[in-house]
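Scrolling down, you'll hit the structures one after another.
Next, two complexes with chain A in common: one pairs it with chain B, the other with chain C.
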Partner chain A sequence: MERKIILGIFKDEQDILGAVKATRDSGYDIYDVYTPYAVHGLDKAMGLKPSKLTYVCFFFALLGLLTAIIAQFWIGSIDWPLNVGGKPFNSLPAYLPVAFELTVLFGGLGVVFVMLARTRLFPGKKERVVHPRITDDRFVLALEVRDAVTEEATVKSLWDKYSVEEIQQIWEAAS
Partner chain B sequence: MKIETPKLVIPGPAKTIMLAFAFLGVVVFIAGLFLAPERIWPNFLINEFYLLNLGLGAALFIATLYVSNAGWATAFRRLPEAMTVVLPFAGIGVVILIFGIHTLYEWSHEAALLQDKILLGKRAWLNEPFFIGRLVFYFLLWIVLSRLLVKYSLKQDEDGRLEYTFKNVKYSAIFLITGVLMFVFASIDLIMSLQPHWYSTIFALITLSGMITSSLAAITILMVVMRRLGFKELITKDHLRDMSSLLLTFSVFWVYMWVSQHMLIWYSNIPEETTYYIFRHFGGWGSLSFLNVVLNWLIPFLALLPGASKTSDKVLLQVSVVLLIGHWLDLYIMVMPVTVGAEPVLGVWEVGMFFGMLALFFWIVLRHLQGIRLVPVNDPYLVESLPERFAESANQGIGK
Partner chain C sequence: MSMHFSVLRKPIIHGEKTLAQVTTDVARPLETRPTILWWVAFLTSFSVLVIGVAAVTYQIMTGIGTWGLNKTVGWAFDITNFVFWVGIGHAGTLISAILFLFRQRWRTSINRSAEAMTIFAVMCAGIFPLIHLGRPWLFFWIAPYPNMRGPLWVNFRSPLLWDFFAISTYFTISLVFWYIGLMPDMATLRDRAKSKIKKAVYAFMSFGWDGSTRTWQRYETVYLLLAALATPLVLSVHSIVSMDFATSVIPGWHSTIFPPYFVAGAVFSGFAMVLTLMIIARKVLNYEEYITIDHIEKMCKIVLVTGGIVALSYLIEIFMAWYSVNEYERFVFLNRALGPYAWAFWTMITCNVLIPQLLWFKKIRRSLVIVFIISIFVNIGMWFERFVIIVTSLHRDFLPSSWVMYKPTIIEIATLAGSFGLFFTCFLLFVRFIPFIAIGEVKGVLNYGKNK
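Here is the complex of A and B:
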């Protein structure tokens, strides 16, 4: 099966916001929106759900915290007890710096790698740019439709209100 | 660009309650002067320092906004501006505090001083005339600079000239350097010199982060109150989210500083440094020190982590109240052990003065807010701070 996608190229931030809202109100599924910078209110207009990555980050941070505490306890009190400044072998205050660092390290790296895996990004991946100017000054709305040829007219009338500059069609082979 | 600015109206009963509590605080203070001066003076110091924290933290917030050209908070900037109005009252408080110097500070007694080699060495800094002169200087500087910031902001409402913003950027930069430095000295003078033998180089960072957290909590409470009184369109959920991110940040910063001081003193274990914590880590004070970290860090940290609670009025109000109480406990642990000894006490003197101070603070701020325009209508950054709907019409007025 292949996806039929219509691209609308817009010139202005307000236009793309309006177009996204109007398109969703007419019952279309938005495939994605590409902008040169983060547009305020776009997440809400697209109806995106809050990212689940925050939970991943929390889980990895907790894992880092536990790793640090357990490792230091095992090393310092069981495997190789060393007398440092007359302190007890098992002293929580001494664990804090490493615990803090490993919490941040695990949380930070974990969430980045999960994000890369979820978005299927890896070194050497071939880039897919829907429009050469989305990194410059154009805003692109990508719309998934059932029949690109017949629906282009309705979509065009919808987008004309937001001064759409150009409409393109692409067929993407389903992965 | 025209924005409706309705006046704030505080319900009558709320005003009466606030005034009653403030009055009660004054009565408790005067009664305490005769009945229990050794309890009332440290309490007065705690609340005086707390009131200073709330006013000065708000001025710091405004100055940071100006210097960083930040626009996100302009819509509710009148709230911190109103909070700086308490600084002159804190100035009156410090004049009263001068009468309590002998009860509070060991170094102010000539007899004790002459027998103590360490105190004699510190005499050049810790002596009464210089101490009083410094305090007066700090307060004059804070009051003058914060008055200027508020004055030009209000003036801009009338004629909308841009030069007021430039002026305020300049005064903010001066305030951020001198005002904060003076606060560092003030916390050393007022709090750290209670135990004149002990010193910590990181001490002022704990009081500074506590000041910022508690004043942010007070601003947040005022924002939620304003939203409940019908200003939901002006103070939006986006503003709340930004404020709660700041609250979370500075609560974490506070505990970072707290742990830094505690851990280094625990590790190096030098007698002249550990005196501070030996006192505060056993018995009742130990439990309170633990509660201090729970109130000021653990509860706000866990409560503000989920995205949903960052925009919830209810959660933010509760967390802010916890932080306000937590900051009082933080100061209580710093000040009280010196005068009341091995076990903590909590009575009418502590509770009465704390609630009196808070009531006085909110009464002054809300009364001031009633009399002024609630939105800086001519501020060039206002557009960035308003909700989309306003901003669109404002954009068309200015840009096109």
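Here is the complex of A and C:
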């Protein structure tokens, strides 16, 4: 089966925001929107749910904290108790700086790796550029439709209000 | 009220730029041949770097005896340089993380270059403790890993070990934060690149970025999270650096004011360095409409505030020395101001306390030449601050028969020069190969202050 996608190319942030809202209100399924920069409020307009990466970050940060605390107590008090100036072996305050650093390190690296995996970005990935100026000054709305030929007219009248520059159709082999 | 509103929200980027103009303007230095000026600057920095490498090589082959250290002054030039460079780095993270959390949208014009500065400064800083080890090839002994020596673990109650964790975490997170911010711009350059090699390199570095909103949404989430993590991180780094001193019992070091005092000093010196670099870069690279005079003025205000905190810390330290009725503490501060290193102390006071007061005047904050000169003074003053803290606390210890003077050797001076060589070589390469301004972020603030 093939997927039929209509691309609407817009020139302005306000136009793409309006077009996305109008298209969703007309009951269409938005495949994706491509923009040269993060347009404020576009994810809400598309109806995307807030990212769960926050929880991922919290999980990794907690992992870092626990790793550091457990490792330091085990090393400093059990495996190799080293007497430094007669101070206690199990002194939590002295372990806090390293615990904090590892919390940040694990949290930061963890969430970045999960983000890259989730968005399928990796070095050497073959990019799929929907429009040659998508990273410059064009905004592209990709719409999945059942019948591209008949629906193009409806969509065009909808998008003309937001001064759509061009409409393209693409067929993509469904994966 | 509406009038006030429009006064507050002045456009951040001047010159009524379109999106495409932003792309072309920022990409221009990367797509043209380097100028003669760039070559002169690059070759100079690189030569200085080579001198530094030679000095460090000689020092490693011969030993720490090539430095001017002695039995009384065991820390001096090297640690001064270390603290100086770590401090420089702090402005970059402040701009990229703290100003981001405070929604200071003017940061978008300067965050990329300031973060690059952070990374290079932390690289320079890292060299100094490494060569101070004496046997730097055994540096990995500082990492806690299971080994055949017991296992003999590191001492987790030592601030020097905390330092290792703090600096390496700081470097890693700064680098990742910077690179994540860079991915969309790499895609922009990829789609503009004419030559095949350039396109391939930028495509590789862009991680296949396609501008999808689903990606942007997660990207923004991660950016916010990294900013939230980097904010306490940057405060922790110089706090931990200060604990290298504060946890000792040396008069002049043994003080609870050190962490906030060092952090403020770090931001102070870092912003001075950002100003030094930006005032040149905006002119040379033709970015005057992006890094505007308003940006310079705002940074001057941060320099003024943090300089004020630094000045207050100096006062409190001196007051506490008197108020503590501790004769050693009192002696250290009298010795700083009146002893054989008084010249260094008064250089510090002049550069860090007196000269920055000029920034109270709006006319001066908006005069590029004067701001540039002040920023150089602050850089010098903050280097001397660390020198004063370290050397004057040590050179006259509890036993007058062991009082000595410390003088840096030519090797130490060449090493400091070499670190500047490394810093500027990296920075000049950065200017040639990576967009100096975050294209994607600046596009997001183009409409700021316009009636739309």
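As a convention for this text, the second predicted complex is superposed on the first by the 175 of 175 C-alpha atoms of A that agree within 3 Å, B and C clash if a C-alpha of one lies under 4 Å from a C-alpha of the other, contacts with A are read in each partner's own complex, and residues count from 1 in each chain.
Heads up, the rule we're going with is that contacts are C-beta pairs under 8 Å (C-beta built on N, C-alpha and C of every residue); 3 or more make two chains touch, one makes a residue touch a chain.
Remember, predicted model here, so these are calculated numbers, not experimental data.
Visitor: On chain A, do chain B and chain C fit together or clash when superposed?
Guide: When both complexes are placed onto chain A, chain B and chain C end up clashing with one another.
Visitor: Given the touch rule stated above, what does A:82 touch, chain B (first), chain C (second), both, or neither?
Guide: So A:82 only meets chain C here.
Visitor: Regarding the shared-chain residue A:41, is it in contact with chain B (first), chain C (second), both, or neither?
Guide: The first partner, chain B, only.
Visitor: Given the touch rule stated above, what does A:111 touch, chain B (first), chain C (second), both, or neither?
Guide: A:111 sits against chain C, while chain B stays out of touch.
Visitor: Which of the two partners, first being chain B and second being chain C, lies in contact with A:150: first, second, both, or neither?
Guide: neither
Visitor: Check the contacts made with chain A and report whether chain B or chain C touches more of its residues.
Guide: Counting residues of chain A touched by each partner, the higher count goes to C.
Visitor: With the two structures laid over each other on chain A, which partner does A:94 touch: chain B (first), chain C (second), both, or neither?
Guide: In the superposition, A:94 contacts both chain B and chain C.
Visitor: In the overlaid three-chain picture, which partner chain does A:119 touch, first (chain B) or second (chain C), both, or neither?
Guide: It touches chain C, and chain B stays clear.
Visitor: Chain B: which of 20-28, 146-154 or 200-208 bumps into chain C?
Guide: In the superposition, chain C collides with chain B along 200-208.
Visitor: Both chain B and chain C touch chain A; at which residues?
Guide: 14, 40, 50, 54, 87, 94, 97
Visitor: Which chain B residues qualify as touching chain A in the complex?
Guide: For this pair, the touching residues of chain B are 259, 262-263, 266-267, 269, 305, 307, 388, 392.
Visitor: Using the touch definition up top, name the residues of chain C that touch chain A in the complex.
Guide: 18-20, 23, 144, 150-153, 155-159, 161-162, 165-166, 169, 172-173, 176-177, 180, 183-184, 187-188, 190-192, 203-222, 225-226, 229-230, 232-233, 236, 240, 243, 439-441, 443-444, 447, 452
Visitor: Please name which positions on chain A make contact with chain B in the complex.
Guide: For chain A paired with chain B, touching residues are 14, 40-41, 50, 54, 58, 85-87, 93-94, 96-97.
Visitor: Taking the complex as given, what residues does chain A use to touch chain C?
Guide: The contact residues of chain A facing chain C are 13-14, 32-40, 42-43, 46, 48, 50-51, 53-54, 57, 61, 71-72, 75-76, 79-80, 82, 84, 87, 91, 94-95, 97-98, 100-102, 104-105, 107-109, 111-112, 115-116, 118-130, 132-137.
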